[in-house]
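All chains are identified by letter, namely A, B and C, in their written order; residue positions are counted from 1 within each chain.
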Amino acid sequence: MKVAIKRISSDPLGLLGLCLVTLMVVSALGASIFAPYDPIQLNIMERLQGPSANHLLGTDQLGRDLFSRVLFGGQVALKVAFLSIGSALIVGIILGLIAGYGPVWLDNSIMLLFDTIRSVPTIMLALVTVAFVGASLTTLIFVIAASSIPTYGRIVRTQTLTIKSKDFVKAEMLMGASVLRILSIHLLPNILGPLLILASMDIPSIIALEAGLSFLGMGVKPPTPSWGSILNDGFTLIRNTPWPIIAGSIPLVLATLGFTFLGESLRDLLDPKLRKLI
Amino acid sequence: MLLYFIKRIFLGILIIGVAMTLMFFMIHLVPGDPARILLGPRATPEMIADISMRMGLDQPLVIQLMKFLGNILQGDLGMDVISNRPVTAIVFGQLPYTLWLIFSAIIGAMLIGIPLGCYSALHRNTLADRISGVISVACITAPSFVVALYSLLIFAVTLKWFPSIGAGEKGDFFDQLSHLVLPAFAIGLAWVGYLSRLVRASMLEVMGENHIRTARAYGLTETTIVYRYALKIAILPTVTVIGVGMGFLISAAVLTEIVFARPGLGKLIIESITSRNYPVVMGSVLISTVLFVISTTISDLVNASLDPRIRANL
Amino acid sequence: MSDNILRIRDLSVNYQTNRGILKALRHVNLDIPKGSIVGVVGESGCGKSTLITSIIRQLDANADIPNGLIEFEKQDLLKLSQDNMRNISGTKISIVFQNPMSTLNPVISIGRQMIDIQYRDKISKKIKKQRSIDMLTKVGIPDPHIQFNQYPHELSGGMQQRVSIAMALQAGPSLLIADEPTTALDATLEVQILKLLKELQEELGCSILFVSHHLGVIAELCDHVVVMYAGQVVEQGSTYEIFNNPAHPYTVKLLECDPASISKKQRLLPTIPGEIPDLINLSEGCIFKNRCNRSIDRCDKDTPIWNEFDKAHFVSCHLTES
């Protein structure tokens, strides 16, 4: 870990990424500590103010402090990102293993399912699910996870097929090694690294997706603050004041930039050859 | 080669079929009577009876699925619950706006991004290259709807250089063009960065290969070498990327249409969701999926025909 | 001896590297008489590739030529502008590379490539195509009309190399440079390609600069031999002289190490002990002194001069200076 940090630091963009990510994570996790106001506290008297000493990023149309909303919005972003990627990884690995190891018809079916999910534009997939099931944080996490599963599943499946056909594995199987042993000793250690890097490089787009859906009103339900919903408020007020838009976009851009730089730095660190794959 | 074409197209059709099946099951996710859900609050008993018969709602699930798929293949995507017009007409009415937006965004991005990438590759490690590299990354990572919002804020609302709402007067080409500029810019910006990085990396790789050295040894002019021999190879990844990127383009278009209050699939689907107009929702998603599948299929086929090496491996 | 088509005098080439300046070629002298085949032989890293790229002026950006003269048809190639050089490359001087699969453009048909290199000629495409097809026939490609539209990967290795040779000889060059053209081919193909080169050379009368590390091929094909070691030419002479009266200790050892020259059965293959010297931190004296079994005191301090110690037989070794 220390070595990783040291190596990342030598790359200026990676270092910047690390700082931005740390900033974001710390401010999100510690939102309750850092936020000067309750993010959903209404204060109509102070509505639509620009930045001031009292309100670092100003207030929105209901008088809520934008800075606090931004901090708590980070919580939503992180929650969605990690929970959806985490569950997508788990399900993706399992399905990929089944597809790679199981019978051909099962493999073909799973791959067809994957291809289909990947063929629906992500936002459309999310919107149609929200349309039928209703908008909520859980729906969001579920949908985003579902759209990411095929990517991870495909990689695991390809690797499983490759490993399965390697001579030394065939030899082990002849000697009676269990499937579980083969998977855990030969497969998982090799793919876990690249998979995690790939997953971490998905974080920026997932944060952007959550923000986009919340912006459309299809994400987290108000009054929960999300960077996307702040942007939505800003959009409605665009002719009155630019500050909500600025307030909502700054954390979004910083977070996506930070995770992108960090992710690329990590990837180059662990295996520059991955540059071609990812 | 022909076999590959057929197989690939068949796969595309299969995927669309599975997507439609998934849509079908979605309806049943919603609590309540599917007929009422599909028809909305203004359903009359006659309409319910009609739709129950057309979709076989009282029959086993498999039969329903068959009827559902059959209907779609005949071009019947259901009826809009509010205006009672066929969904197909509504969706296809809005589709051109979205297509125009996507088309202009990607063409614009290619016109700027590909030469930029070429230039960066030929002048690598100069100041210009490094700067454009950082700008490219920044372009890629900024979410397109944020770019849209800022464009709206700066160029439309504050500076008033471009209109901020709608698609422009029908029949007035320049008016429509001016309404396209900012939305296409918002979507295309990320792609400029993406394409230029891709072309740069690809060109660098190709220019280092032996056959370029041979071409130089034969005294071919630098222009011929770069633009015919190298670019032809370097551009292949671009084709795939755009084909697969249709999904992102559609997603970006949805958000951008909302920001600029442009007509199109995005506006249609958001309004339909809010008004619980499920047939239109499903129709929009289905059409966008078909669009995406067509795009990836075409890009795979173009890729195969452009690169003889891929053809040889089929 | 007739006059020379190519004269290289005192050519030095340096590369800028992270560790310092790498002196890849030092004071190289080389003559290629008109109508002859000159072989350049030497180990990997002796500077053969640098020599070739210097002649065709395709050195990497980090290369620098501090001194030297490459005279071709009364012009110093090193002083020519890029445009003028481009007019010579591919017409009067052409080159066949080692690995044809990677040297031909994979996404353009070979016919197209052969027409493209004729771009300077203001004649119709039809004539260019006919010229190319005639050339393909000459190098022994069956059904040239069909092969014309093929892509490189659709041809076998031997065919690809024939196509490369056809491309090189199409414009009727005075000098053909062949950079290990048979190294990537199997033995039977090698024989065919060498035979082809010899026939074409006799017919067209061009000179060939043939680079190889394979002594047998050099002996078979070449009229003159140039022996290179670690960036220097150590010996040059007719094939007969070099193989029968080698003067430089390195040449002697090289011949001894060739498996073809082993007459008695032995367990271990002969080698030259030691390693190629570091070309960045060169020491004084002769370049071969560390590995030479006949070095004298003078070899440590003085660099030997290039001298003609026998008729048309040049060497740079203190032992031959009297």
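Everything below uses one rule, namely that a contact is a pair of C-beta atoms (placed from the backbone, for glycine too) under 8 Å apart; a residue touches a chain by one contact, two chains touch by 3 or more.
The structure presented is a predicted model; accordingly, all values stated were derived computationally and were not measured.
Visitor: Tell me which chains count as touching both subunit A and subunit B.
Guide: Chains in contact with subunit A as well as subunit B: not a single one.
Visitor: Can you name the chain whose C-alpha mean lies closest to the mean of all the C-alpha atoms?
Guide: B
Visitor: Which chain is most remote from subunit C in terms of Cα centres?
Guide: It is A whose centre lies farthest from that of subunit C.
Visitor: Could you grab the centroid distance between subunit A and subunit B? Build each centroid from C-alpha atoms only and quote it in angstrom.
Guide: 22
Visitor: Using the average of all C-alpha atoms in each chain as its centre, how far is it in Å between subunit B and subunit C?
Guide: One centre to the other, that is 54 Å.
Visitor: Hey, which residues of subunit B end up touching subunit C in the complex?
Guide: 209-211, 213-221, 224, 228-229, 232-233, 306-309, 312
Visitor: Okay, in this complex, where on subunit C does subunit B touch?
Guide: Going by the criterion above, the answer is residues 56, 58, 85-91, 94-95, 97, 99, 102-108, 116-117, 119-120, 151, 153-154, 167.
Visitor: Under the definition above, what is the set of subunit B residues touching subunit A in their complex?
Guide: 11, 14-16, 18-19, 22-23, 26-27, 29-30, 137-138, 140-143, 145-146, 149-150, 152-153, 157, 246-248, 250-251, 254-255, 258-259, 269-270, 272-274, 276, 278, 281-282, 284-285, 288-289, 292-293, 296
Visitor: Over in the complex, which subunit A residues touch subunit B? Could you list them?
Guide: My answer: residues 13, 112-113, 115-116, 118-125, 127-133, 204, 208, 211-212, 215-218, 231, 234-235, 238-239, 242, 245, 249, 252-253, 256-257, 260-261.
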